[in-house]
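I have placed the structure first, in the form of structure tokens, so that the comments after it can refer back to it.
Labels run A, B and C following the written order; every chain starts at residue 1.
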Amino acid sequence: MDNAALLAKIEALEAAVALTKTINAEVFYWWCTALMVAIHAGFLAYEMGASRAKNALASGLKNLLAFAFLVPTFYFFGWWIYLAFPTGFTVSDAAAAGLPWSESMGPNLGDNASGIFWAAFTLFAATTASIMSGAVIERIRMSAFTILAILLGGFVWILGASWGWHPNGWLTSQWGLHDVGAAGCVHTIAGFFTLGVLINLGPRIGRFTSDGKVVHIAGHNMPMSLIGLMLIVMGFFGFLGGCIIYNGGTWMTIYNTPATLSAFAFNTLMGVAGGMIGAYVVTRDPFWMMSGALIGVISSAPGLDVYHPALAFLISFVGGLAIPKIADFILERLKIDDAVGAVAVHGFGGVWGLVAAGIFAAGYPNVEGPAVSFLGQFMSMLVFVVLGFVPGYLASYALKALGVLRVAPAAEIAGLDIAEVPVKAYPEATIPAYGTSVMSPAE
Amino acid sequence: MDNAALLAKIEALEAAVALTKTINAEVFYWWCTALMVAIHAGFLAYEMGASRAKNALASGLKNLLAFAFLVPTFYFFGWWIYLAFPTGFTVSDAAAAGLPWSESMGPNLGDNASGIFWAAFTLFAATTASIMSGAVIERIRMSAFTILAILLGGFVWILGASWGWHPNGWLTSQWGLHDVGAAGCVHTIAGFFTLGVLINLGPRIGRFTSDGKVVHIAGHNMPMSLIGLMLIVMGFFGFLGGCIIYNGGTWMTIYNTPATLSAFAFNTLMGVAGGMIGAYVVTRDPFWMMSGALIGVISSAPGLDVYHPALAFLISFVGGLAIPKIADFILERLKIDDAVGAVAVHGFGGVWGLVAAGIFAAGYPNVEGPAVSFLGQFMSMLVFVVLGFVPGYLASYALKALGVLRVAPAAEIAGLDIAEVPVKAYPEATIPAYGTSVMSPAE
Amino acid sequence: MDNAALLAKIEALEAAVALTKTINAEVFYWWCTALMVAIHAGFLAYEMGASRAKNALASGLKNLLAFAFLVPTFYFFGWWIYLAFPTGFTVSDAAAAGLPWSESMGPNLGDNASGIFWAAFTLFAATTASIMSGAVIERIRMSAFTILAILLGGFVWILGASWGWHPNGWLTSQWGLHDVGAAGCVHTIAGFFTLGVLINLGPRIGRFTSDGKVVHIAGHNMPMSLIGLMLIVMGFFGFLGGCIIYNGGTWMTIYNTPATLSAFAFNTLMGVAGGMIGAYVVTRDPFWMMSGALIGVISSAPGLDVYHPALAFLISFVGGLAIPKIADFILERLKIDDAVGAVAVHGFGGVWGLVAAGIFAAGYPNVEGPAVSFLGQFMSMLVFVVLGFVPGYLASYALKALGVLRVAPAAEIAGLDIAEVPVKAYPEATIPAYGTSVMSPAE
């Protein structure tokens, strides 16, 4: 065979190998997306279980609304925002690919990437909105929640992602931010957005006595919550898989630094275990132990690519030890009623994760911008805190001022399911005991 | 190195690349199959929750029976039927590969495809049978259900798949049918088979008053149903992944037209969201909102490869708006007691999806046969309706004539769990209240 | 183009193809790991449902403890044990790669395999510990359970895996053991370890009358158990996927014999169905039917690569028929109180699976060691039985002697949730009825 014929064969192979890589990446993010639906099944179970029976369906309905409305919002706005703002507030040229009438945003036989990346990001967006969802149960109005969820999941977090979870984001190019597992743009932003909302929303009726003592309000079905939380852990393999980029021959972080999925596997599992054990040590409570699994994932998320597994275990163990105490502080000192501890778990979990990477990954080089540093991580963390808190506070303030943030006290006491849901959770049961329960402690 | 040596290296690479593609396809359908098991976990939760507590385990047992019996049925008969009948009723030569004693139907180191395709199709078959399963709860006899499930999942739908969801199926080669996501052979057939069964099965005792008014019968655990439905949505990524063919360098639809998984990702999520929002707008009911997620998937399924995401959203939104009304019509006008709305969701969802592709994908070229057309889609839809309805009606008519279709009225009133299940769902609870409930509305 | 340039292109392609294979394997085991988390969500639901309400959270807490503690244990000890002991009790040179300070055990851009294999094995370890977990509910002390779980999942089973589920394990190289799906090292060992523990732990208070009659103790939420078991079936696709090796161009069993994932797909589904139908025939009980799904997987596991699907169905059907009877025998004759039948399902399921492969796969050649034989399978089975039973018996004997194996009778009667868990499962319900239930049969 002559050289021209050999070359033709080689070029055909090159094309086949390139196509195989393209398809492989497409398949990988397809499964990431699918597994992230488990996060939503999990949040649904977790939050319904964490509600009193009289509010169970209203809590679940919120999760469905967040999921349903985030998808088109993220299609029409979110993806464009991500592409538009890596440098701050000026629109990047690359943003044109995210406009709904762009060739990339429809079925396109020459583009095996845009749809699948959009899908994975959309599930990230829905997850971010779901983080707020559990904190505000049992008194928020459906419509207000939906507006806040769209704001958080469709706009705010994705601006943070464009800034700090993007190959050219300014937090990385200016300050060297390293946050491969999205502890900042997803968890910190969602946690502090939620804090802003909770300040305006106020505690559930009966959560504090007239002299400010805390009254325990327990969800009606703890087993359901635990199963939901374990489904979320499963789904995190989709989420964290979606945090590693596979578009050439090998893995990269979102910052174009090299990585392996093996390192993610080591540190995800060691982080989950560290957080669970830490939370167990201080609480002995299975609910906090599973919240500790989330704390563990979040605490180690920024350095999944570089941590030694034993270090990931320790960082997450510390998170698991400390964060339940922060939840107590928020409740007992600040008198803020976060029904599931989302501000502590996600907000402070994200803060700790970002700062820990500044301690333990300092000096690690970035492709764009300076190396990882404590100061860069710390200042980036503050940006995420502010970027989350301010819109959450202002939007919920406006909704409160309009009188549409919270259901009427009578509806809250009777149960939101009566006020907002046309079906009953447990129509045969004596459990929900609408309005007449003697066991529901806080009416 | 001389040219012969280079050629040898090239040929080794060609073999390696071909093998990688083969393995990649095998892996892809393995995960499709696994994710589709989530559909069955989901249907199990959904249908037990949609039953009154006295019937919960009997409802779940049905799902287990359908799954267990469909697997061997599909092994011994179903796969052969698929390969045999693309031209209508004459047996194709290719069918020999589906005979249980064929080399393809066992462990075969030279065949990395047959087993995994069979597995994915088997889960499709079990899913099809599960669609009927929810509609007939609380009065069907286990044995009758199992027979009907085997007929539907092991024979009827797969004949429809051979006709209309096959590279050479006559509905495509003659009429240009385009239904990449199996809205016809799975959903339309299952929905109308179910309608045929429900006519003979009759409503649950107490579903209608003596003057024909509808009495609401609520399932005992709506949260369980919602979680189940979200697991079904997760499983649909396995199902729809199983609808795209990956056996060479790139993706094709089942009709050998080019496609991308990215387009499937766009339109699956936008379809789910559109259906959820549509159903929410007309019902405000979380159960219908999750049924709307299914409606959304089904409505957009035929054109997942070609729709613009905004169009998929709209088609599914219309489905979500309209189909709850169709469920009301079936119940209130036709006096047919479909316990979960399966005829409307799957039957009319499939009809709408097929017709919508005739409107919005008309003119799209097929490899075999004419281009997509309204008439071709409409006539194919009628074929699926008839192919589903007639066997469902006749088989249930025969079972009714034999007196074995339905449990005795006393067993129905006492609860099927007492009659057909040796264990209790909630042995400690006052909830199930076997035979004595004052809250179960329809006894 | 000259030959040197062509060669350079070819070598670049060879590197790209090799890297693609590496990445593909990494992705495959990532999803195996993720899906195996579904096993843990499933066990959690299954065991909480199988407990009386007063013990539900204590049962679930066990599962969380097993998962959390197994991860670091397996990191620091388990993986080293696997690499160390294939020849019996002398340490292999290869074990150095499993030491926590080895380059393989941390993030390493040159090693895309160790982390992901470790992760999959860690989930195997947690699964093994979970098998014991259900049997001992409602009376074991949390701390004792955690110690036993660590012993079983972090040490005992992995020694068995090193011996019999390893390319160079002595059971294979000496006796020709063939057990591709880990029926021996996981299921048989876990089942007989559990038997050893149950002998020392003793039955729940009230399980037998004073004259030795069995009193039925039902779990409080059978639907929850059934959903959990179906999630375990889904997770088994991760587990069995993790049993096939993909590190070159094609599939191999753990013993380096060739295999296809297609054969695994055929036989997994046919095994599940056979076990379900077998158990249904003898019990009509949905709980046993789902246990039958596990029996089916286990029964066919050793020969997933070589069985004809119809044979896998039959082997698993026999398992499903026989094993519920063995559970009855263990309970009624041996007076051993295994709350979920784990000894029968996993212990005897594993025994039957290993022996069945000695009957039906006899003569199949191994790469290392003699061909598969009945005697080799039978003796290997005995090794697994002893290797499981002895440590389980001795460790639980020691814990009993120290008086820390079991909770105090008053705590058992009141419910372990009061004694060991700071939150309530169903705080609003009349269901749990701590200490006052008239329906809980065995107090």
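FYI, a residue touches a chain if its C-beta (ideal position, glycine included) is under 8 Å from a C-beta of that chain, and two chains touch if they have at least 3 such contacts.
Just so we're on the same page, UniProt names per chain: A, B, C = Ammonium transporter.
From a predicted model like this one, the values you see are computed outputs, not experimental measurements.
Visitor: Using only Cα atoms, superpose chain A (Ammonium transporter) on chain C (Ammonium transporter) and state the rotation angle in degrees, rounded to the nearest 5.
Guide: A turn of 120 degrees brings the C-alpha atoms of chain A (Ammonium transporter) onto chain C (Ammonium transporter).
Visitor: Counting residue numbers used by both copies over all numbers at the interface, does the chain B (Ammonium transporter)-chain C (Ammonium transporter) contact come out same (over half shared) or different (under half)?
Guide: Interface between chain B (Ammonium transporter) and chain C (Ammonium transporter) is built from largely different residues.
Visitor: Which whole number of Å gives the spacing of the CA centres of chain B (Ammonium transporter) and chain C (Ammonium transporter)?
Guide: Here the centre of chain C (Ammonium transporter) sits 32 Å away from the centre of chain B (Ammonium transporter).
Visitor: Which residue numbers or ranges of chain A (Ammonium transporter) touch two or more of the other chains?
Guide: Residues 3, 6, 10, 13, 17, 20, 24, 31, 35, 221, 430-431 of chain A (Ammonium transporter) touch two or more partner chains.
Visitor: Of all residues in chain A (Ammonium transporter), which touch chain B (Ammonium transporter) in the complex?
Guide: 1-3, 6, 9-10, 13, 16-17, 19-20, 23-24, 26-27, 29-31, 33-35, 37-38, 40-41, 44-45, 48-49, 56-57, 60-61, 64-65, 67-72, 75, 100, 105-109, 111-116, 118-119, 122, 221, 224, 228, 420-431
Visitor: Spell out the part of chain A (Ammonium transporter) that touches chain C (Ammonium transporter) in their complex, as residue ranges.
Guide: So the residues of chain A (Ammonium transporter) in touch with chain C (Ammonium transporter) come to 3, 6-7, 10, 13-14, 17, 20-21, 24, 28, 31, 35, 52-53, 218-223, 226-227, 230-231, 233-234, 237-238, 241, 246, 249-251, 258-270, 272-274, 276-277, 280, 283-287, 289-290, 293, 305-310, 313, 430-433, 437, 439-441.
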